[in-house]
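Some structures to go through are shown next.
Shared chain: chain A. Partners: chain B in the first complex, chain C in the second.
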Partner chain A sequence: MSEGPATASGPTAPAIEGIKLSRAFGGVQALAGASFSARRGEVHALVGENGAGKSTLIKILGGRLRADAGEVRLAGGTVELDSPDAAHRHGVWTVFQELTLLPWMTVAENLLIRREPRGAFRLIDRARMAKEADAVLAGLGIHNIDPRGLVEDLSLAQQQIVEIVRVIVQDPDILLLDEPTSSLGENEVEWLFGLIRDLSSRNKCIIFTSHRWKEITDVADRITIFRNGGELGTFTEIDENRAVTLMTGQQVDALYPERPALEAARPLLEARALNGPGVSGVSLTLRRGEILGVGGLAGHGHRELFFSLFGAAPTTGGEILVNESKVRISNPHDAIGLGIALVPEDRKTEGLILPMSVGTNLTLAILPQLSALGVIRGGHEGRAALNMVGKLKIRTPGLRNPVHQLSGGNQQKVLLARWLLADSHIVLLYDVTRGVDVATKHEIYELMTSLAREGRAVLFYSSDAEELAHLSHRVLVMREGRIAAELAAPGITAEDIVSAAVREATSIVG
Partner chain B sequence: MTGKTPFAQFPDRIGLTRSVRRIVYVYLAAIVVFAVGQVVHPGFARLDSIAAILTVASFVGLVAAGQTFVVLIGGIDLSVPWVLNAAAILLVTSSLGQDGRAVYALLLTLGMGAAAGLVNGVIIAYLGVPAVVVTLAMNGIMEGLTLGLSGGMTCDSCASYAPPFVQDAVHGNLFGIPTALILWVVVIAGVSFVLSFTTFGRKTYAIGNNAKASYLAGVNVRLVTMLLYALSGFFAALAGILLVGFGGQASLGMGDPYLFQSIAAVVIGGVYVLGGRGHYLGTAAGAVTLVALVSVLMAMNMPDYGRNIIYGIVILILLLLYGREEKQE
Partner chain C sequence: MSAEAAIERRRTRRLTHFLAQNVGLVLALAMLVMAVVLYGAAYWIEQTALPGMFELTSTVNNTMALVLCGMGQAFVVVTRGLDLSVGGVMDLANALAAVHIKDSVGSMVGWSLAILAIGALLGLVNGLLVAVGRLQPILVTLATLSIYQGLAIRVLPQPGGSIPPVYSSVLVNPNWPTALVYVLVVALIWYAFRRSSLGVSIFALGNDEQAARANGIDTVRAQIAAFTLSGLMSAAAGLFLAATATAGDATTGNGFTLSSIVAVVLGGMNLFGGRGSGVGVIAGAFVTTMIVNILFFSNIDPLYQSFYEGLFLVIAVVLGALISRLMRRRSR
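Here is the complex of A and B:
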């Protein structure tokens, strides 16, 4: 049921409003006169494709960005939120998508920053600080995070939880969360939603973004849909198909493409009893035309496995075979030469070189092929890059624009295109759809299946069990660095994957 | 939109366009300095005076070529002064002032510079020791080696002159242009070409912007890092050769001014000190501006301390301007 565009009012004045907000980055209009409002006591979800303007809106409401035009109102009055600090003074706190913790300080120091308990001579009382942090974490039902440990040593999920806790302890009136669940497992998501429900029952206002539809309908009271920097309406109930149609402006038929038929083909990549930090005795066989999924809870050796297959993490034992012959992979350069590609999880720090151009990012792995005597042949390079931009429908103003100007989904496509250019036959995809919108996810799925159909082999890890279940020919579930279970299609379900993963495994919260 | 972007000028947009604007600023700054010089000291902007200033700038510019390479990957080379000094002394002691030994001495000297840089690079790239520490240590080691082996410049061969061939080459001119300047122009062209049009240059920028992502894209980060430091050592040695050719004899401490000046030229030239952005064309302009400024201040009989203060202020102002520009982008 639609309430129409959110022009607000009603008996309760909106807790927070954005009126005709606009903001441009370079030539890209991220927000174009978008309006939005949320009430006290409600959980409000912002949905839309990457680049629709959700994160920009959150940043403006949280005082981290200034709008080029438009205003922000709190409880009906216009406010000037020109810094995060100003927002904090108004009770508006944000959990940003990228982590803002200080990695070389302890969890306790991060949680209690600027509120450290003082002892003699006003010096920081470290013992009391750890105790207070302990109490805070325990009070929120978090175990297995040591307040005395360094943030750097925590897993991504644990860091995200500390990030959330750090804001929760400030007792916000209005809580903004930008994709808080993208690095969390199912248990942690449940924990977060419990927290959110508790806050809303205490008449706080919670605004969050997510790409996972199930989570949105689980916890949100109202949903505002964004497209191309503008809001399309606020809804209390809307089904997924309708929402996706609104978000993308087009019908997405089946989200998951058909699995390509699998013939008894020769193995392209094999690992035999692979050992290394975080990986114990992993054996796997990846065949031509196969999509092999890898699942399990975060922090159970997937990353180490993928990185050691790509030569970017050390191995201490076992062997790797490509095309049925034993190979030595001591760095990514070797791996690329053997036709192996890796798309890492964090495209912003490990995948792309953000300040450099789309073209440079596309061709970085195949520079030798595009050059003669070490001199890059500009024409060759341009044609190769343009070809890929067209083939993968990468939305960019041009090849020379810095890649950071592109939306997340298009950045991900640039990375995939890099490896298509390198003509890699073994494609390792590490959680490539995390934080990517539905329409781009669909395109990535299509791409994965077409890779397999062309006779390449895809090994992919995903934190989304649903995705693994629908796309993989087989799924290997990892637990504590080992392969704990192997599931084969047809008949793989997300529940099977999750239950194989959590059996005996410990979780961060609970 | 996606289809028809002109792509002919691929050096990276970040590598160049922003730098192009900065380089223009720096050249304008150089012109302003010459104009001010002409006002306070008529005759300052005469052709022969400009040629003399550019020749002095070429020594700074050569050292700064190596410094540019390493700063582009977020590094620094503090070993420049004594690699340069050692090179100057090695040239005279190995050639004994004889033309017959000049080629051998030149190769030996350039090889020594590159080798010292290579050792820096190996330790930085493979052992992961910060560049500041490694190159500072190398500067000390080169100083010690130079002093020890030359007996504090008391050795018999230490008083030798640079081979006449080298001296003539540095003092000579081609069509009225000093040879040192011509060599510098060749280096400017070569280094700029490497940075803009080769895979090596592209990898240098990639590493400077994000070493981890470059590594995962198959870039041999260690090898490139090593070579960049070797180049820095090579250019410091080349500058040492030119200096000793220019002055005739080597002396202790002759490299000392070149650490500050090479870094200043890089910074004035708009190379981002944390790496990834900038170009040698900017550094070259920075070297000219810096040396012209010093000359103006000398022409005004500004005492040493005053010159240093003005140095510092100019660098601060430029960094502030660049910082503002960065924010606007």
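Here is the complex of A and C:
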């Protein structure tokens, strides 16, 4: 390699460098000659929209993907990281965005995979394995994860923690984390940042991606911004608006649109003393044109509440009213019939049928209207879907492309569009902006306010307290399955929401 | 919650964890107990006596082939695959044994090892086609099933040949249930497999191929190994079949492809891979044999035997699914 800057070496060289890295998937250029470097002892954030190339870069640095062109250098020397194992040998460890845990194996088996303690005849000693896992978890201040339990039975946040712990125990020199906080609550994020600060104080190099600006500025020493597969520069000091402008290539005046005016309208959805697994005695009223936020730490019953309002989780008591009359919702079909829509966090397993086309996914809820004698009329399907793609600015090559080809934010929009097509009046949004880039977030916010303006009612849960504070007319904070506080606009702050949520709350870590 | 309380709660949950994680195994064992009781009852009604050593011996001897090929099938099912060539490998092993195994110790040991090696090789071919050729396991093994059956017919066109009596009495002693030792050996093989790197790799592959690879596991190697083990176990099953029949028939293995799957299912293994116990499969194999025995003593017309077998299978699967769902919900 004769190109590129002269090879530096010794203690002054960056811990890890990517030089003019390129990588294409099919026809899409995910990385186009991006360069990047990070030093020892620093926490380095990579920011950019979804599809800007951050994850691809992380995968290349972590040995999970090979670059089409360019090179990776460690401490100044070029290295071939052609497998995760090769990266591990160089002390480079990655917490990937998509979890790499094995669901039907125990936490201990996952934590110690390929490093299992051996007993007689070199067979794996399971009792010792559980004990070692116990010690590892306790040593990192985690008490509510049982190493003998199956990963499948853990919450998303707990799984993410196991994923992080698994890498931390390897004592990495260079730690790569791809959106490690997207499924964590505030306490868990603090725990993670504690670990990160500790590592950086021990002269390790930490590189992470996040869409939450506050976290980035909290913990990162330097920030590199990516757009369209290339880097736009590395900053030690940059304000959010400037960063967003760089990331999106356009001016986003205000991330949060103004709340629509709220009139004294009739209630559209009411819950009275709703009980069920994880939900105890929740009452709420959602009015026409209202955006009602629900906040609180992960695992405090929001999910159960949303799913029971949609008929996808059981209730054991209480009643639900739609349009001021009592209704029975025992499955999602009932809910859809009553004009209730749910957009869940895990769009992959709970909302979209990934291998099927964008068009089919869009029109799934209105198939009966589009069908004649049970046969779907293709033309109608296409027209309805096409309208929505334009309206919501869904970036897809075409209606016939399978949904899994779209980026996360656009998948989320497909799901939203499905319910708009179905003319649902009550829209339940469950953490829809998690892991979604800032520009798409802005579009989703715009969409939420326009839904409210049209006279629909929006109930939304978010793990991002800022979002709740800026968009909601009112915020209900849940703690241990109950409504612990109600905050009303104007004057809601993220701090209010968080402090109402953490009061006496338990968490996975600590 | 304090750390001490958390640890205490964890202890009490350990048993629930074990039960929840091994629902399939527990159910398979429970089913075996039920089958034995039913069999005893049917036998008593018919003979006004309890089954004794002779019945135990013949049951164990008759089940050995299914235990072995069921275990082979289990290795593949864990990877989320299916090996339909099990019966073909058994046919070929059976035919080779009947033609070649002669009365000398050298011939018996030598040919047994050779046949096991051939079985492993046939499994290896399946594994290479599936893992390296990236083909569907069902397609590959459906094709190799026919090929292996064809080879078996080629080796032994007509039923015949012979198995030395000594060979038969070592593998399936008609007077004593010595074959129980082999059942124990098969269980130990599973125990060791589950605690080996290979076991971890094969189970990880069945859990999630992508995640397994991200953990640095060579999934191609694991898949090839699973099919090779299946071929090896099926060849051993073929040898037992020959020993039981004391002669060879190149078609007797055919039915075992399906019954090996039945044993795996009754053994509580998940056909979607990554979950299940080989010990359960052993129990499943015995339950399969016991059902036939129970039907025999219940004076059910042999014409309807497969009808009742199927009925029993459906009931067992439905009940198993219901109970395991309940238990898992409890443990959460």
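Here is the rule we use: the second predicted complex is superposed on the first by the 499 of 510 C-alpha atoms of A that agree within 3 Å, B and C clash if a C-alpha of one lies under 4 Å from a C-alpha of the other, contacts with A are read in each partner's own complex, and residues count from 1 in each chain.
We take it that a contact is a pair of C-beta atoms (placed from the backbone, for glycine too) under 8 Å apart; a residue touches a chain by one contact, two chains touch by 3 or more.
None of these values were measured; they are calculated from a predicted model.
Mind checking chain B and chain C on superposed chain A, clash or fit?
clash
Based on the superposed arrangement, let me know which partner A:I394 touches: chain B (first), chain C (second), both, or neither?
Touch partner of A:I394: chain B, not chain C.
More chain A residues touched by chain B or by chain C?
On the superposition, B touches more of the residues of chain A.
Kindly classify A:L150 by the partners it touches after superposition: chain B alone (first), chain C alone (second), both, or neither?
The second partner, chain C, only.
Mind working out whether A:L352 is in touch with chain B, chain C, both or neither, as first, second, both or neither?
first
Where does A:L321 make contact in the superposed view: on chain B (first), on chain C (second), on both, or on neither?
Neither partner.
In the superposed arrangement, which partner chain does A:I336 touch: chain B (first), chain C (second), both, or neither?
Touch partner of A:I336: chain B, not chain C.
For A:A32, using the defined touch cut-off, is the partner it touches chain B, chain C, both, or neither? Pick first, second, both or neither.
neither
May I ask you to decide whether A:L99 touches chain B, chain C, both, or neither, giving the answer as first, second, both or neither?
In the superposed model, A:L99 contacts chain C only, not chain B.
Considering only the stretches 7-15, 223-231, 241-249 or 313-321 of chain B, report the one that runs into chain C.
It is 313-321; the other listed stretches have no clashes.
Across the two complexes, what residues of chain A are contacted by chain B and by chain C?
No residue sits in both footprints.
Would you tell me which residues of chain C are touching chain A in their complex?
Contacts found on chain C: 1, 3, 6, 10, 13-14, 17, 20-21, 192, 195-197, 200, 203-204, 207-208, 210-212, 214-217, 274-275, 331-332.
Which residues of chain B touch chain A in their complex?
Per the stated touch rule, the residues are 1-3, 5, 7-10, 12-15, 197-200, 202-203, 205-206, 209-210, 212-220, 276-277, 329.
Please output the residues of chain A touching chain B within their complex, sorted ascending.
26, 310, 312, 331-333, 335-336, 342, 344, 349-357, 359-360, 364-365, 367-368, 371, 374-376, 378-379, 381-382, 385-386, 389-390, 394-402, 418
Within their complex, state which residues of chain A touch chain C.
64, 83-85, 88, 96, 98-106, 109, 113-114, 116, 121-124, 126, 138, 143-144, 146, 148-150, 153, 506
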